[in-house]
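For reference, chains read A, B, C, D and E in written order, and residue numbers begin at 1 within each chain.
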Amino acid sequence: MLVYLSKRFLMTMLVIAVTSGIAFLLVHLSGDPAAAMAGEGASEADIEAVRATYGFDRPLYVQYLDWVGRILTGDLGRSTYLRADVTDVLARHVPVTATLGLCALTFALALSIPLGVIAALRPNTLIDRFALWVAVAGQALPSFLFALGLMYLFGVYFRLLPISGNETWWHFIMPSIALGYYATPAIMRLTRSGMLDVMQSDHVRTARAYGLAPWRVVVRHGLRHAIIPVVSLAAVQLGFMLGGSIVIETIFSLKGIGYLAWESIQRADIEVIQAILLVIAAAYAVLTLLADLLNAALDPRIRIS
Amino acid sequence: MNNMTTSAQDGAPVSLSPGRIALRRAFRHGGFWIGGTIILAIILIAIFAPLLTPYDPSVQSLSKGFVPPVWAKDGSWLHPLGTDNLGRDYLARLLYGARISLGLALLTVIISGTIGTAMGITAGYWGGWPDMIINFFITVRLTLPVVLVALVVVALIGSSLWLLILVIGLLLWDRFAIVVRSATQQLAQREYITSARAIGSSTPRILFREILPNITGPLVVVASIEIAHAILLEAALSFLGLGVQPPDVSWGLMVAEAKAQLLFRPWMIAIPGAALVLLIFAINLVGDALRDVTTPEGKA
Amino acid sequence: MPNDTQILNVQGLSVQIPVHGSMLRPVRDVNLEVGRGETVAVVGESGCGKSLTALAIMGLLPRQAMVQSDALRLNSESLAQASPKRWRQLRGDQIAMIFQDPMTALDPCYRIGNQMCEILQQHRKISRTDAMARSRDLLGKVGIPAPEERLKQYPHQLSGGLRQRVMIAMALLCEPELIIADEPTTALDVTIQAQILRLLRDIQQETNIGLLLITHDLGVVAGMADRIVVMYGGQVVEVGTCDQVLAQPLHPYTEGLVRSIPVPGETEQGETLGYIPGIVPRQVGELSACGFVDRCPYATDICHAKSIPMRDADNARLMRCILPTDGSARDPAVWVLPDETTAQGAATHGSTPCPKF
Amino acid sequence: MPEVLTMRDVTRDYSVGSGFGRKQTLRALRGVNLGIERGTTLGLVGESGCGKSTLAKILLGVEAPSSGEVLVDGQPIQSYDRIERAGLIQPVFQDPYSSLNPRMTVEAIIAAPMHVRGESGRKTQTRVRELAGEVGLPGHLITAYPSQLSGGQRQRVAIARALIGEPEILICDEPTSALDVSVQSQILNLLHNLKRQLNLTMILISHNLAVVHHLADEVAVMYLGQIVERGPSREIFDAARHPYSDALLKAVLPPRAGVRLPKMGPEADFPSPVNPPSGCTFHPRCPKAHALCAEQMPKLSGADTAHSYRCHFPNNVKDEECPRV
Amino acid sequence: MLREGVKFHDGTDFDAQDVAYTLNHVADPDSDMKSRVLVDWIDNVEVVDSHKVRIHAKRPTPAALQYLTGTSPIYPSGHYEDAPVVPGSDGAERRDWGAVQPVCTGPYKLADYVAGESLTLEANPDYFDGSPKGKPSIGTLVYKTIKDPETQVAEVVTGGVDWIWGVPPENAEMLASMGNLTVVSAPTMRMSFLSLDAAGRTGETPMTDLKVRQAIAHAINREAIAENLVGDGSMVQKSMCAPVQFGCDTDVKQYAYDPEKAKALLAEAGYPDGFSVPFHAYRDRAYSEAVLNDLRAVGIETDLQFLQWRALRPKIVDDQVQIGHLTFGSNGILDVSASTSYYFEGSSDDYARDEEVKAWLEEADRTTDQERRKELYSKALNKIADQAYYIPLFMYGRTYAFNKDLDYPVTPDEMAHFYLAKWK
């Protein structure tokens, strides 16, 4: 177990290291950011000054190593636009996105798992078809359209929910639904197919052959197995939500990291963009690790060899 | 139960390949029919757009902006779906927009499908080190948020159509790689792969004659998912203003341009939005149908 | 067999399953009786309907399967109209089942003890401690060393043979009157197979329960069964005691099976073996001929004309064939065909009228 | 007669992951020595996990041994390129459902070895049809796909594919165990006829002793990666030396009236190939095991005769010949 | 001479020391001041007495007073001491001057500030009497950044916010008809223009030909764009400056919308069938599209490169922009030296590189004689128009929507003057 954990940790570190390189390269793709940072009306000398101030005149790899070196000391850099340490900026934005992601995931799981289980228990019935249609239709609706629709309906027309910002829990309802519904079909399908498989498996047949109560068969001997791949998928989906919340956060003016990322891209605030890419990568890596551990807890075949 | 032997019993002189059988089953599948018809209609619309409207989608008439569609007050058959802010015919834009939306999705999927399949087969067939390295790349790719990376690249380099296709293509190969890898791993354990090696087949022959034809099922299903994904991604990028650029027009761009009119001219967003939803819905239906007919337990 | 010792009595059992628009009939009009302390083997090749018969008796067939029977009695209780709840009470308590693959039949997520207790507590008012104690005793009884530790282990930590022993212990938990064993040793190695069969046989004789053994292996049957029920194409084609059937098979199918198996010490090396030509037909629609007619070397016009009923033969045996009941008019040589005819058999098979729905 | 196939001290290790991480070594073959003379059939017997299938893969050149060498016609197997090797050795696998590519027609499957050699003309086509007839495949099935064939027909296709390149050696890995008994006998008949007509050298891998008895001239018994006994078929079946061979023989249940279950089988379970027992690997299961067996691996006895075995306390051997003396 | 009796928000008195401190700081090239043009003229600032300072200019700077209004708020002495030290390049340290929370003297004081999110202002009770701005009427102001314009509109419609600007002009009428909102449009100083590579910085292109540039000028229907597209508050821009700026001579050569003439000019220049050219833009794509449409009508095919400013700016600097559709807001400075001079004095943004124009402008920037300045600027602007170096298109308008109960005077300078606003 310890060997496995340390191996996984090393792997995760390696992934994050490569990701950091890609993030850095992406941000420096267009070459020298100084011209844009210097702003309107800057002369060539001004740009040169910015270049020197921020060290963009150095070779790319030196800049990268400098950046990595600073990250290792816990310094994620400084936002040139917001004039604050990126660490502080992220500390303000990450909780918003984390809250949004968790709410969205909760919404998605609460909807998809029961639906998937019921659909699997009654394959090819009306309820199964209904669930499948929900999935197909749900996946066809782009989240920004859905978000705008929600805003129009509940924000403007009925005036039930606040439209923008992240001050109260009420503010999170529409964004969470808009973000979470997109993960619903995938999780539902996986739950359904997992349940279909496991309900036909030998050990479930054994459980039924020994007269166990139906709910025990379904929950203890069925769902317990079907949920294992769902855990991994949920972690992946949560990771996607962190990265995919840009559109939703922009529409609802939710000041999370997606919003920050999009603003920073437009502001050419490169240290923030780099840091966000890195943080999302790290979050994703940690999430998959957590999912693996949770799977090990659920499945003794992984845990005990 | 024993339906494997049906054809042998029929003694049919003409034998159907598994692919033909799957296709036959697909044609008996309701979802395949509905989805396929919609997709075919949209493809035809895209191809024959110039015949279907007299307007050029990019010709403007600034004084004739915001004509409402025919069913609204002040609408006319002159512009059945009205005009946009620059006075361009909305129907013409919708018809031509199908070209970009479909073409872009198709090209990106060709790129991502080639990359992903190559990586998946390599990892699945050889295992060991190649597998570890490719797995690592898949993990790295998954840790990079698609929308964000696409935004950064497009924002910093510029959003030409080809760059967009390339970027999306280079971002969406992960599912291909994952699915092809596991499908190949399963196949590699099949005895006919061992047989192929034992009869002295070269590696390319094994990859292209033995493995590739047998993973077309999952490949087609993933392709359908990724086509829908690419269309949605382009739409999301367009929504943020960094997708397809004028004078090209895509449905995503139309939605983006119309979103300012959400409160007061909702049809402007509803028309391309509905087209987008319909197209993706149809693709998903077909994808689902293909999944049903290519996986034996799909219809359980 | 007198009625009071009868545990299981199945009359006219049929199963129909709708598949892709047509109706499969994998089990047709099966009669079956198992007495106390008796081992009845249901024998047949894949697709003959033996496993579905077992599942039908357990009430475990999938929802879409339609089960009909004239009688389905367990200990004189009729189960034909039993509620799902009653079925659940009986399963695991009065009838227990042992499955083919011990690798997959146990839930990999729970400890052995946990799974055994769960069953015991489902059927008996018993404390967890007592349930554990009984489970441990039973594990010991089926020859598992260090049962205390096994209770705490997960199935994947046990070998195949041990897992099948656990399954047997599980079946014994509630002291059932009937155990259905579906190919209990097929997935095991030959040396383990002998142990498991011996264990089953010992326990069955000791506890005097009825054992319904489902298998394709005539060797296993020879070692275990008191009576044999031979199935082909969803029908019972022959019934008799083990020795009678193996020594003098009455139905041509049974005869063909026996003739096609090489036996070290009996058949010579390289001796041309007998075989049954053709393949098992698809079980669709009503029979308008003998189900075996396409593959039968003795087939006559009568066999093609109508379905053949079951009839009594000598020594309380039953057979579904028009050949003489005393076993005459059989010729071992008819099974030894040159290989080309195989080809012919398979080739012409398609042209013979397949029963249509 | 010269040995057409020789294995010298062949060992094969696998690295297996055990759950969380740690790699362990699984020694599937431990120093296997084997020679087969032209035109004979060797039956290879053993239970699952004993290394039979690994042996087959190494002979086919699909896998390489970790150490030791395999000679075909006196030449190391590596010295042949893949097409030459395919012309010498061909396989027939256990599961006819997975050994045929479902996307190829019967004709293409049978012709594949010729295509690989670059021969795909009219001659090959004719040969495919001839061969299909020889293995008893109805002509109209030549254009069918595997999913339209029965198990027996598929196995015939596999046999035809193996034979089209006119190999010297046929390796049959459990060729009938996935088939129903009534079909199994047809394949056994076919194999026997082919072997006689074509003077094939055959390695028959099976756990079913009845099948081995029916086809094999010689029998080798494998246990945990080692050949524990090897001799002429008749001798093994009449007077097996190794207790494990004996146990296997006793476990055969013939379908005959009056047969009773064997009194005893080996008690303990098959040990893990990752952690094999000390000394004679069979000792934990052996009814005759002494203290010596747990300490010392028995040497090969009778290596210079046709019948060799690895046991301290063999059956059917006069005391004075006993290896421990 | 500085006003007496003015207090900073932190209670300290405002005096000459503070002015000198602040101006000396921002004039320092290391001060991180974004618009260098506004402070570059300052050599040093000297305290004369407690409420009098003397600013020594590097050169005569006639627009100095204009510049001073846009330079920087005056902070208390020692204000920048609090600037955090941040790591610079190569391990060196630098100070982030801009990170200090401002302490000013204005009618509103900063109560809370979250960078990039929100800003809370409270009325300054100690605001000095007799200020031309007057005492603020509204107690607390909260600015929120809401990125999406649709969301802004939705919020103002539902009363989530009371005031927005930058309303899409085509929505103005409908918003006004909602009943609870006042919708007003006003002109701004932001100009929209085409930068043509007359200097040949991108190489020998059609843009170096005067006839081509004039053809482009004639091709564009500026009236239609300003009127139909940019909407209320917009107007055609006649010269390369904002009309309200000092020295902006709008009486220069005008190119009427005349596609035929444009085609003729192109033919004369040797492009009877037009040509194809990359077209860079970064703001308000619809407006660029309208321009492109007009260009296409005369045979000029364009390849639109619509970029973020972040991506466009380096291209401008690196001589890659043949035609750029740019905008400029001159920081609200009411003097041509802040706009025209910037674009034509040889900076990296100067794609005309006309030495004569440069000389005129430089002289005008340094002359204190206002009449002479006007004359020089006029000469420069006329030549720019004659040569069609840059093609002025239109002045941006700006539409405001706010709560009907709010009395808010709209001003033409792209600034929000809330101290003038009050609740009805």
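Assume a residue touches a chain if its C-beta (ideal position, glycine included) is under 8 Å from a C-beta of that chain, and two chains touch if they have at least 3 such contacts.
All figures in this text were calculated on a predicted structure; none of them were measured in a lab.
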Please find the path from chain C to chain E through touching chains that uses the fewest steps, and give that number. 2
Which neighbours do chain B and chain E have in common? A
Round to the nearest whole Å and give the separation of the Cα centres of chain B and chain D. 49
Report the inter-chain centroid distance for chain A and chain D in whole angstrom, where each centroid is the mean of the CA atoms. 53
How many angstrom lie between the CA centroids of chain A and chain E, rounded to a whole number? 39
Two or more other chains are touched by the chain D residues 140-141, 150, 153
Taking each residue of chain C in turn, which ones touch at least two of the other chains? 279, 346-347
Residues of chain A that touch two or more other chains: which are they? 30, 148, 152, 156, 250, 262, 265-266, 301, 304
Which of the residues in chain C come into contact with chain A in the complex? 58, 60, 87-93, 96-97, 99, 101, 104-110, 118-119, 122-123, 154, 156-157, 167, 170
Can you list the chain C residues touching chain D in their complex? 45-46, 159-162, 189-195, 197-198, 201, 216-224, 242-244, 246-247, 256-258, 260-267, 269-276, 279, 339-340, 342-344, 346-347
Would you pull the chain A residues touching chain B in the complex into a rising list? 11, 14-16, 18-19, 22-23, 26-27, 29-30, 123-124, 132, 136-137, 139-145, 148, 152, 156, 196-197, 200, 236, 239-240, 242-244, 246-247, 250, 258, 261-262, 265-266, 273, 276-277, 280-281, 284-285, 288
Residues of chain E that touch chain A when the two form their complex: 29, 32, 34-37, 86-90, 94, 96, 98-99, 114-117, 144-148, 150-151, 154-155, 157-158, 160, 308-311, 313-314, 316-318, 328-329, 331, 342, 347-349
Chain A-touching residues of chain B, taken from the complex the two chains share: 31, 136, 139-140, 142-149, 151-153, 155-157, 228, 232, 235-236, 239-240, 252, 255, 259, 262-263, 266, 269, 273, 276-278, 280-281, 284-285, 288, 297, 299-300
